[in-house]
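Have a look at this one before I ask anything.
Read from first to last, the chains carry the letters A, B, C, D and E; within each, the first residue is number 1.
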Amino acid sequence: MNKENHQVLLEIKDLHKEYDTRTVLDGIHLRVHKGEVIVVLGPSGCGKSTLLRCLNGLESIQGGDIQFDGESLVGSNVDWQKTRQKIGMVFQNYDLFPHMTVIENILLGPIKVQKREKKEVMEQAAQLLEKVGLSDRKDSYPRQLSGGQKQRIAIVRALCMNPEIMLFDEVTAALDPEMVREVLDVILGLAKQGMTMMIVTHEMGFAQAVADRILFIDEGRVCEISEPKEFFTNPKTERAQQFLNIFQF
Amino acid sequence: GSKATTDTKKEQAAKSSIEEIKQRGKIKIGVFSDKPPFGFVDANGKNQGFDVFIAKRFAKDLLGDESKVEFVLVEAASRVEFLQANKVDLILANFTVTDERKQKVDFANPYMKVALGVVSPSGAPITSVDQLKGKKLIVNKGTTAETFFTKNYPDIELLKYDQNTEAFEALKDKRGVALAHDNTLLFAWARENTGYTVGVASLGSLDTIAPAVKKGDKELLAWVNTELETLGKENFIHKAYDATLKPAYGESIDPETVVVEGGIVK
Amino acid sequence: MQNLGINVLFEGTTLQRLFEGLMMTAGIAFISIIIGSFLGIGMGLLRTSKSRIVQFICRLYLEVFRIIPILVWLFIVYFGVTNALDIHLDGEVVAVIVFSLWGAAEMGDIVRGALESLPKHQVESGKAIGLSFWGLYRYVLIPQAVRRMLPGAINLSTRMVKTTSLVVMIGVIDVVKVGQQIIERSIIKVPTASFWVYGLIFILYFIICYPLSKLSKKLEAKWEN
Amino acid sequence: MDINWQFIISTLPLYQKAAWITIKLGFWGTLLSLVIGLVCSIILYFRIKVLKELVEIYVELSRNTPLLIQLFFLYFGLTKLGITMSETTCAIIGLAFLGGSYMSEAFRSGIEAVSKTQIESGLSIGLSQMQLIRYVILPQAFAVTMPSLAANCIFLFKETSIVGAIAIAELMHVTQDVIGMYYQTFESLFMLVAAYLIIILPLSFLLTWLERKVRYAEFGN
Amino acid sequence: MNKENHQVLLEIKDLHKEYDTRTVLDGIHLRVHKGEVIVVLGPSGCGKSTLLRCLNGLESIQGGDIQFDGESLVGSNVDWQKTRQKIGMVFQNYDLFPHMTVIENILLGPIKVQKREKKEVMEQAAQLLEKVGLSDRKDSYPRQLSGGQKQRIAIVRALCMNPEIMLFDEVTAALDPEMVREVLDVILGLAKQGMTMMIVTHEMGFAQAVADRILFIDEGRVCEISEPKEFFTNPKTERAQQFLNIFQF
């Protein structure tokens, strides 16, 4: 895993986030290189989702800096609409627009936001759908899809904007094991193609397989950041060990 | 089958109507509650007016006490229904006699007559009905004026309101060029509201106003007619006029244009 | 003139009568709302029945009351039904009957909506602890449905309050009619009376209905989570 | 019961005319209500200062007072202030004033029913606020709230019966008028009910059809 | 695991269940002994939930027989209300009644259905709450609880009826890992106390730890029924092997 040598795509410096008076993220530092896959682990409520949401401007931050592609994402003059096109995000809840067909869901961003040619986007969408094995569901409505299919479409929708980084927040949390596998396989595929990603997940096996580095957060602080093999076999902190015990019966 | 039963019901009602009223000890008379000076409710919530005055006398003569009347407050559009459904014995609600209505109720002899008038702004007076063609004329729903114009001048566009006040307001707001109503009321109104004249003082044939009873109630009908005759001998309707209409209309109106004594139009 | 106008309100027993009219309005509305609610709950339960016939009849009942104007119902019951059955009912009673039946129809629809919006697994977990059919409705479904239907029910209530002015056609004197009596009495002498009287009635209606809709908003917010 | 068919036939033209007036008023009243409701609900959604308070006052005032008196103020009251509008205009404005608040409430609850994650996922593909409203929020709010919008439409069509008070010859006005003149009560009421059926049943079917169509995408049948 | 020698509590014979014309359960045979823990595994849609629901009378069956405590649960004269008191069931969705407090939820069945003394039930409830670590949440409303807490209360609610068998249908499917653990620990505790249980779960580690026997269903048929160790290390059928692969990265 020599991606450390690559260009830094995203740099988080001393990030602070508060809800009301409660500190949720307490000085996060992180450097994400191009092509790197970071898996974020940590107990419930530790701030994993909040971290991703800050990167995408869905939450305001109270301190620190985020540099994306060399530009700061802090302050009131950030053009979030533009930035968000480069940062794809998929959530836990199937967040497809229920009133649009699959293809309409996919085209909305590229055509209405990026003002791209319909024909060209259609081609790209077709390719991506092919890749996730859903070419035939183009005209289905979300309600006609299984949870796993919905999440795969959500990934396609994000990818179709040609983002430079993808953020996944527990995208498989509400799925049956087989569907979990379908979706994770898609993400594994993306990793192989060199997509930069930050992934929050509770699937330990998957985390180990996909991650270049594991970021373990506890109570809003970075507890540990290490290579997966090391993290799973020999965690540095006691907190991480406790966390891993949950998954052992 | 159902027709037969209604018929027998009617007969029963006819047979015993006065008996029934006496047993009940109260006569139910339908009057208006918002048509001064004929039937209205005064500041203390008491029924007052020309119709009410006469109704009280009916009660006194039939049951021996003028308090033995129960006033049922009716609306123009439900007067007949109140009779037909036995909700009242008698209607004394400024009820103009027309052929259509005669098919539904039995009218007694008249106690009042009305002539229509048309009031209009002094600045643009309407002095003949012909001037109204193609214009908007304001009338009140359920009044003689409405029936008259609907029947005789179908090409005059009528603006119909539920309440007198609304009709007069509409005239003031120039929603119509003129307003047609009983001329007595118009004279009284024009006197208080400067800038308006009753350009057409009297219109069409005189309509009469009479008490009405349920269709087929011969007994009560006969009683009312006799009563009106008796009252005529003491000029009672004139007394009613002096007590209720005169304060509203003032001296300028000749009672003879309104009052009918003894049930006979002269 | 303006002074004269407002004075109309303070003559004799005028205010008292307006108040009585208001009580008539509110009384008919509230009694009907209460009766209608109980009938409506029954109606709502029937409408969740699986029997097609029951469903059809309930639906028909609702549509009949929705489409035929209340005025017509008042006429039918006050003049028609009482005559056909040869009974006498006071206008107030008829008004309560008609408004209750109407309320039952509309309320039934609200209750049905509320019941249908309950998650299916609530029924199943009720069954799983051995509740009987009635136990299920009594302890689990109806209490939850009541919360969901309250905003709609209160909305309906304000509509009923406002619709009561029709009862004047069957000889019941409501607040609007009292107002008109006052206005008409002053027709010649105090032409501005209508402004003051209607103004007051406007406020009176608002005073009755506003707390209701406020309450519904409050409850809606309270039970949202 | 003897039915006076001759009378019914003779009043047919009158009722026909009245029915068209009712339809016209109902149509414009509903349409304007929808527009007002939409605008109000968007103001509420964005919490635009001052306007939001105004909308709230408007909604409470309009929902909690009877249309009859609202109409009197429009018709007689405004004239005193120098604004004279025709009967029809007053009626349509009155209906829109009343309906607007009902529609606004319906839209509001529809918009509130759109989940936060929908809004966030809209944002995360870079939609602007207006695009978010246009492509994500309104279509979903519409689907959710369609049943109450439909109920409001029918309610407004029936509420046209009140505007007869300002001398508009709509169905209820004509019916009461005909009864008052000829006292063919049964026949007149029969005509009234028939006319309402003819207007409202197709409307109801149309709305049900529309509801299906609007909700199909999201909810299936 | 010598529970085979115990008395048979539940016997399922040639169970057939159809939705419309689709066969969902196609001849299930199973004997559950007193004190035995059966974990039901199988791919999504294979009929696991349906099987449990049939046992509880939430679904009608089209063929075969179910004997519970020596009595048949087939036919129209089964007193389900009585039977369900002996069969506790907990579902995936937090199925607490949201308008009642925790204690009201728990008391409803024992008091209204079983007509027991309030005082006695209260004592039992207190004990059970103690056991699941939620004594202090007695007067909370479900919405004030986390998912894991809700599920633990749901288990207490079922236990308070003194059931002879407990059915669990993916009770942890919608939970975060830590909450999963809380709930599964409660179920492990029950197993230790000798409660008879049938458990549908997707947590393989847990299944292995808790089960006396694993019932693997595929397409409505019993594919395999064996001891957990054997099943996980050396499944007899290829279908079971495939299924287990899903969980391996």
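As a convention for this text, contacts are C-beta pairs under 8 Å (C-beta built on N, C-alpha and C of every residue); 3 or more make two chains touch, one makes a residue touch a chain.
The model shown is predicted, which means the values in this text are computed figures rather than measured ones.
Listed by label, the chains that touch chain C and also chain D are B. Between chain D and chain E, the least number of touch steps comes to 2.
Chain pair with the larger contact count among C-E and B-C is B-C, by C-beta pairs in contact. When chain centres are set by their Cα atoms, the one at the greatest distance from chain E is B. Once the centre of each chain is set as its mean CA position, chain A and chain B turn out to be 84 Å apart.
Distance between chain centres (mean CA atoms), chain B to chain C: 35 Å. For this pair, chain A with chain D, the centres built from the Cα atoms lie 46 Å apart. For the pair chain B and chain D, the distance between mean C-alpha positions equals 38 Å. Counting partners per residue, chain C has 75, 79, 194 as the residues that reach two or more other chains. Those residues of chain A in touch with two or more other chains do not exist in this structure.
The multi-chain contact residues of chain D, meaning those touching 2 or more other chains, are 76, 185.
By the definition of touch given earlier, these chain pairs are in contact: A-D, A-E, B-C, B-D, C-D, C-E.
Residues 60-61, 63-69, 72-73, 76-77, 80, 105, 154-155, 158, 161, 172, 185, 189, 192-193, 196-197, 200-201, 204 of chain D are the ones that touch chain C when the two sit in their complex. Within the complex, the chain D residues that touch chain B are 1-2, 76, 79, 84, 87, 165-167, 169, 173, 176-177, 179-185. Those residues of chain B lying in contact with chain C across their complex are 9, 33-36, 40-45, 72-75, 77-78, 81-82, 84-87, 163-165, 168-169, 172, 188-189, 192-193, 248. If you check the complex, the residues on chain D that touch chain A are 115, 117-118, 120-128, 131, 135-136, 139-140, 143, 217-220. By the touch criterion stated above, chain E contacts chain C in their complex at residues 56-58, 80-82, 84-85, 87-89, 91, 93, 95-99, 108-109, 112-114, 143, 154, 157-158, 161.
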